[in-house]
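Below are two complexes that have subunit A in common, paired first with subunit B and then with subunit C.
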Partner chain A sequence: MTIQRVNKDNKNAISFYWNGKLLKGKKGDTLSAALLANNKLFIARSFKYHRPRGITSSGVEEGALVTLGKNASTEPNVNPSTTELYNNLEAFSQNAWPSLYFDFGYILNFLSKFFAAGFYYKMFIGIPPFEWGKGTSAWMFFEKYIRKIAGFGKASRQKDPSDYDNLNSFIDILVIGSGPSGINAALSASKAGFDVMLVEQDFELGGNYLNHQNKHKLNLLKEQLLKYHVKLKTRTTAFGIYDDKCVALVEKFDPSQISKNKIRQRLHICRAKKIILATGAIERTYAFGNNDLPGIMTVNAGKSYLNRYKILVGKKIIISTNNDSVYETALELNNAGANVVILDARAQLSNSQNNLIKNSNIRLLLNTVVHRALGKKCVKLVETAKEKNSKWQKSIRINCDCLLISAGWSPVIHLAAPHSEKPVWSHEQACFLPGKNNQDIIFVGSAAGIWNTLNCEKSGNIVNENKLNQKSEKNSVLPLFQTPINNNKSKNFVDFQHDVTISDIKLAHQEGFTSVEHLKRYTTLGMASDQGKNGNIIGLAIMGSALNKEINEVGTSKFRPPYTPVTIGALASRNKDEGFKLMRRTPFHEWNKTKNCVMIETGLWQRPWFYPFESQKLEDASCNEVKITRKNVGICDVSTLGKIMLQGPDASIFLDNIYINSFSKLSVGKARYGIMLRDDGFILDDGTVWRISEDCYLITTTTNQAGIVMSWLEELSQVRWPDLQIHLTSVTDQWAGCAIAGPKSRKVIEQLAINKEEVSDENLPFMGVKKLKIETIECLIARISFSGELAYEVYIPSDFANSLIEKIWEEASNFNGCLYGSEALGTMRIEKGHVGGSELDGRVTVDDIQLNKMISKKKSFIGNTLRLREGLIKPGRPRLVGIFPIDKNSKFKSGGLLYTSEKISGYPIGWVTSATYSPMMGHYIGLGFIENGLDRSINEEIILIDKLKSIKIPVDIVSPQMYDPEGKKLNV
Partner chain B sequence: MYKYLKRTNALDTYLTQGINNNATIFFSIEREIKIQQIGTWHKNFNEVVNYLNSFITNSDCAKHGLVNLGKNFCIIRNEPLRWWIMGDSDKIISSLNTENAVNLDISHSWVKLNISGLNSEKLLLHHIPLDLRDKKFPIFNFKSSSIHNIGVKLLKNQKGYSLFLPRSFSVSIWKQLIKTADQYQYQIN
Partner chain C sequence: MIIIKCPFCGSRGHNEFKYGGDGSIKYPDLHDPITDWHDAVFQRKNIAGIQTETWQHIHGCRMWLLVDRDTLTHKIISVRPANPNIINILEKNS
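Let's turn to the complex of A and B:
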């Protein structure tokens, strides 16, 4: 093949690398154009048979794929025909080893009989005679080799260094495609006063205008676009239309600018009132022998490479066609210096086409198609077939260095498919036309089956209502999907990317996979990255012919987004690293960091975990914190607890409805522990409720359930009891919560209060609540304990948290206090037998945790009926217990299972929910559930088994209240 | 008074002020914001609207999302049965009939981030799925939306926008905004 640049000047030269070799291209080239200009015909190996492949098109329907970049920047399976060339671009061929020209995998081409469609279902059915017809060991053996040999490019395992972005936009009219119809649609809408955005997947505007020799009209239109303020987005592909006219676009940045701002691609969600699809049409080929040889491409590709990139794709060009669209191109190629032969499958031409070529030296052969292409690494010779007296026979051979095919045009209707009725097969046009859809998605131009450029431009005048119902044009086309003579000597490809041939389609038919969905999946037709843009219709036609049905009777599978491949990076956009999960910080966060705090993620919160002294590890630090707190005083950041303000005259009624115990009789200035159930009777959450005033309560929840409880309460208020006069407001962020716990906690609080008496045992009794001014700032204080010590929870308005915690810490330090985190807090609550999230896992009832005495018998509440289901109250149900190891040096963790010594396998009789080393007990302790709870016989030996940690130890079942069971420390 | 006592905004540590002559986005924080929430019920709705309207002229506190401007405050109906009063609301709160409505101070729950400049709207569109065009979101209007599934509120005024961020999420959201603003160049006032 002798490809050459028509314009040989070196202006705008760009360097790039192909398989490590430095080559030259031009600014404005695609990678395909640059490769062709360097006579790189053969650029890839095919998926299954490793056959040589070359560039087949100049657009999204390209069959050959390449890899761009190296190492962390590797991007495999890239379409070279839509890749913009830039300085120092590195591109590599795929699926060949050790090299493109000498590939071991090519041997598969000679073994193709064994690799027909569905071969893996039939070949690997067991090693004879041992597992003949069954067993999978043969497949398990060969699978890894097959996966190594087959396939496309390889993705990098390294972290992607690029940044991705996302953007929302709102527009009146979104026009997709900037060809003749698209540009005119955008202008007509903009002139009528609409807000318009025009998107184009190419890096240049113009669509098919770019393939015209004369660009004058395009330039004028571009000026108009700027004048009428049409928002323009090039390098932007609309890859899907979703509900409510929400269009997903991926915008690729100018590759020469990427290093400056690091953003490589942007996911763009565009919401439009109307969508205009000016997506054009894709030229089809047809199946004949060796139709995958390098040097065979579409006619439109030949036109595009000549007129846009100034590359003449051959000196001896054969054009095979069944329609009128090629004649202008043939003349242009001829005028550029190529010898052109046209093989037209039709019996006669229209006058206009005849007139086009009559004064040229273009040779025309009517009633003629390609039967077989011949050549080794590229096409050299074409065997034709001619129709004579209604019979097709082999005919002459013609030498060539390039074969261009045009077997019809397929409107690009994919984007609207999920929102439209089935596409309609047009016999006259030999293509699918868009099915009906709502009026908000409008097809114009070739996407609507309009072929003439002038008519496409007119069809873009969408503001004129008469033009809204686009009528397709007549096109003189003879349906042609495969060579008419059976060709068993060579492969006739239907799908280039997946190496699907005519014989694969016939095999599917033979084996009964005749529905379009089965055909697709059995042969993998249309399942590669091109999604069958070229091959699907050929496949349907062949199956139709085998079934004696029309194409539309065979059916179509539904097009699904994305229209072209989209990187995972673009879809993830900014939702990675810190952007993946936005974390919450307590108001004390910065202050905690100054105290050497180690944080832990609790849901979305960053929560203080422990405060190591020098290089202390977790266990040592938390034990230290427990000891100091239980001996003196400790300060803990409890801001993460959910806080909900309940206000209104019906607040008490609401609380009585949701908690198992009564709150309507709770006095102002008092708090109470409460448990709320789900409708099904299981525990939803627990917490405390503080009565601030007559109609105002502060509800606290656990950290993890805060959001769920808030949603739940809102639902109850709005749906179940809309007549109750209440308001619920999350105030979790309003208050910074600080627990002050330990025997000396009152002394600390006394230093904070203006008047010590305010916080005396009498004025602030256990479960008392009041407002307290600390340094003129009004705070809330409650005497509540989770640790089992004398303790207070102080709620400070968040913006004053950093100031007041300094004051609190100063006072606590005077009493040899410490800061403690969630680890120490967890240890102390386990010692006290207080349940937490590990116990209240959604499968536990009030009876299970031995708090059924709290249940009010005087009122109904959510969950009251279903908690009494037989299965939930039956004797023997697992109940909450404490767990001690018999050998006090033993260690165990939560998640361990409990068995009796007589049966230590199978379903356990209990499990451990929480475990910790207890400084107060001097050994490991745990909470958990066991059948019959504390009613188990004390003579029974219980074994704790944790297979994941190789633990198997005998344990004692004890009361969960392991430390200060009488609660003396609370009432100091 | 305690020597360290001061009101600290959640973003204080993260806002490094400086001049950028190429900035097309300007950020600033309002430090001592005051927000009072008033909530009522269906049967009391008209009374509360009339009460609130008595504090402002030529406006309508029943209109959803409208920023009704008073002398040193504004009143916004941001939920069907709730209003925010931002600014000096003492007079309004002190004479509120507590049988018709309840009030709650939520001044510390939110961080108010002001964003102005040529590309302020574009910056917001990176994160907020809201139509910010004037015809859809006129000046002195208020809307609820989300950034990364976190509820935020947006007020449009003659200078640009005020973005209300939940306090605990404000640092995380701020970091995302700054990362995006980088491509447009920004300045923190």
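Let's turn to the complex of A and C:
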């Protein structure tokens, strides 16, 4: 093949690298155009058989793929025909080793029998007859070799250095595609006063206008688009239409303008009132022998390379067609200096086509198709087949350096498919036309089966409701999907990207795969990165002929988004790194940081974990915190607890309904620990409720469940009990909370209070609540304890958090106190056997944690009925216990399983939910659940096994209240 | 993305909302027998067509809503407050 630029000036030259070699292209080229202009025709090795592959198109249906960039910026499996050329672009051929021209994997071409349809499935089952149905030792053996040679380009293992953006927009009318119908649709809507956005996947506006020789009309239309303020977006692909006309677009920025650390692509979610699909049509090829040889492409590609990029794709061009669309192109190629032969499958031509080529020296052969192409790394010779008396026979051979194919056009109806009825096969036009859709999606132009440019332009006039324009028109086309003569000697490709051939489809049929969805998965037809834009219909037709069915009876597999591949980075856009999720900081956050605090993520929260002294490690620091708190006093940031203000005359009734215990008798100025269940009887959450006044309570929830509980209480109040007069307000962010715990905590509070007597044991007894002024700020204080020590929780209005915590810390320091984080908090609550999130995992009942004494018998409450289901009250259910290792030096973690020494495998009798080193006990301790709880026989030997951490130790089952079981320390 | 027309806030994307559950369930009284509770909590129809669901406008007015939605097409037929007292107020005012 001898390819050349028609205009040989050096204007707008661009340098780029192909497999490391410096080449020149032109601004406005695609990578494919630039490669062709450099006579680089053979650019890739195929997926399975490593056959030489060349550029097959000028658009999204391209069969050859390349890799762009190096190292972290590597982008594999890129379509060179839609890739805009820019200065210093680096591109590589893929799937070839050691080099494109000498490829070791080509040997697979000769072993192709092994790689036929269903290869992987058969390997998984085993090789017949030895292994059939038994297993996959062959697969296990071959897998790593197969993976090495069969496959696409390799993605980088490094982090994508680019940034991506996202955007939401709302528009009256979104027009997708800027060809003759799209531009006119955008203009007609805009002139009628609608807010219109026109998106084009190409880097230039114009769609099929760009392939025309005369650009005058396009230039006029472009001026109009600006005049009528149509929002224009090029390099923008609509890759999916989702519910309620929500269109996902990905906008690529001009690659020549992107410097380091600049945004590369933008995910754009557009809400349109109407969507106009002016997405055009894709020219099909058909299957014949060696139809994958470099030098074979679509006729439209030949036209596009000539008129848009000024590249003549050959000197001796053969065009094979079954329709009228090629004749104008043939003439243009002929006028540009190529020798053109047309093979038309049809028996006769219309006058207009005849007139077009009448005065040229184009040679026309009717009743003729390509049977087989020949050549090594480029097509050199074409074997034709000719129809005589309704029988196809081998016919003459013709020399060529380029073979252009047009086997009809497929409207691009993909985007509407999820919202439409099944596409309708038009026998007359030999293509699928869009099915009816239930959204406001309107097809115009060749996407609607309208073929000539003038009619496409008219169909774009969407405002003047001339519905006649919307009808598809007659098209003189003879269905052609494969060479009519059986051809077993050479490969006849259906899907170039996945190397699926006619014989693969026939084999699938022989093996009983008749549904299209099965055919697709078994042969992998249409499952490569082009999603069968070229091969699907050929595959369906071949399956149809094997089944003796029409294509419409075979049906088509469902098109799903994305229309073309989308970079994962664009989908993630800004939702990565620190933008991955919201971050919640407590009002003490900045203050905590000044105290050398190490934070831990808890849900969305940043929560103090531990406060190391210099470079102390977690366990040392937290043990220290526990010891000091239990000896003197410790202060802990508990602001993350959920806080809900409940007000109204029916507040007490509401609480009685949602908690297992009674609240109506709780006196003002007192707090109570409560447990709430779900409807199904399992524990939802626990926390304390403070009665602030007759009809005002403060509910606290656990950190993790705060949002769920709030939403649940709102549901109950609005949906289930709308007549209860109550009001719920989330006040989590309004109050900063700190726990002051330890034997000296009252002394600290005394220093903070204006009058010491306010907080005496008498005036603020265990579970007492009151308002307390610290400095001039009114805070809430309750004497409640999670640590088991004499302890208080002080809630400070958030605005004053930092100043008051400084004051509290100052007083605590005077009593040799410390700050403690969630790690020490966890250790102390485990020592006390208080349940936390790892115990209350949604599968635990009140009986399981042995708190059934709390349940009020005088009332019913949410979950009270279903908690009594047979399986939930059956004796022997796992119950909460404490766990001690028998060898006090052994360590264990949560997640371990508990067995009796008689049976140490299979389903366990219990498990460990929490574990910690206890500085007070001097060894590891844990909480967990075990069948029958503490009622198990003492003589039994229990083994804790944690296979992930290779732990196997004998343990003792003890009461969960491991430290200060009498609770003496609460009242020092 | 589905658009839900909140009676209080207007048309919003469904990512502002939290799906609740079956909106046609009448929950029994707290004292009702276990069979009633069993049916209310566990028995669900799998409707291919229009079903009533509860959604909460969690990133908006926090109101619980009853939404009639076609499970085959995702089309939303109606949206109203789940609180019957509020429906009455809205109707009085309109």
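Brief remarks follow.
Note that the second predicted complex is superposed on the first by the 899 of 972 C-alpha atoms of A that agree within 3 Å, B and C clash if a C-alpha of one lies under 4 Å from a C-alpha of the other, contacts with A are read in each partner's own complex, and residues count from 1 in each chain.
Keep this in mind: a contact is a pair of C-beta atoms (placed from the backbone, for glycine too) under 8 Å apart; a residue touches a chain by one contact, two chains touch by 3 or more.
A quick note: this is a predicted structure, and the numbers were derived from the prediction, not measured.
By the touch criterion defined above, A:Q213 lies against neither subunit B nor subunit C after alignment on the C-alpha atoms of chain A.
The partner of subunit A that touches more of its residues, comparing subunit B with subunit C, is B.
When the two structures are aligned on the shared chain, A:S860 is found in touch with subunit C, with no touch to subunit B. By the document's definition of touching, neither partner reaches A:Q348: not subunit B, not subunit C.
In the superposed model, A:N852 makes contact with neither subunit B nor subunit C.
Shared interface residues of subunit A, touching subunit B in one complex and subunit C in the other, are 269, 271.
Taken in their complex, subunit B has these residues touching subunit A: 1-2, 4-10, 13, 37, 39, 41, 81-82, 98-99, 102, 104-110, 122, 125-126, 128-133, 136, 147-148, 150, 166-169, 171-173, 175-176, 179-180, 182-183. Note for the complex: subunit A touches subunit C at residues 242-244, 246, 269, 271, 438, 657, 679-680, 711, 714-715, 718-720, 722-723, 860-862, 864-866, 868-869. Taken in their complex, subunit A has these residues touching subunit B: 165-170, 195, 261, 263, 269, 271, 574-575, 578-579, 582-587, 589-590, 605, 645, 647-649, 695-696, 725, 727, 729-735, 775-777, 797-804, 806-807.
Partner subunit A is touched in their complex by these residues of subunit C: 1-3, 13, 18, 20, 27, 30-34, 37-38, 40-42, 54, 56, 58, 62-64, 73-75, 81-86.
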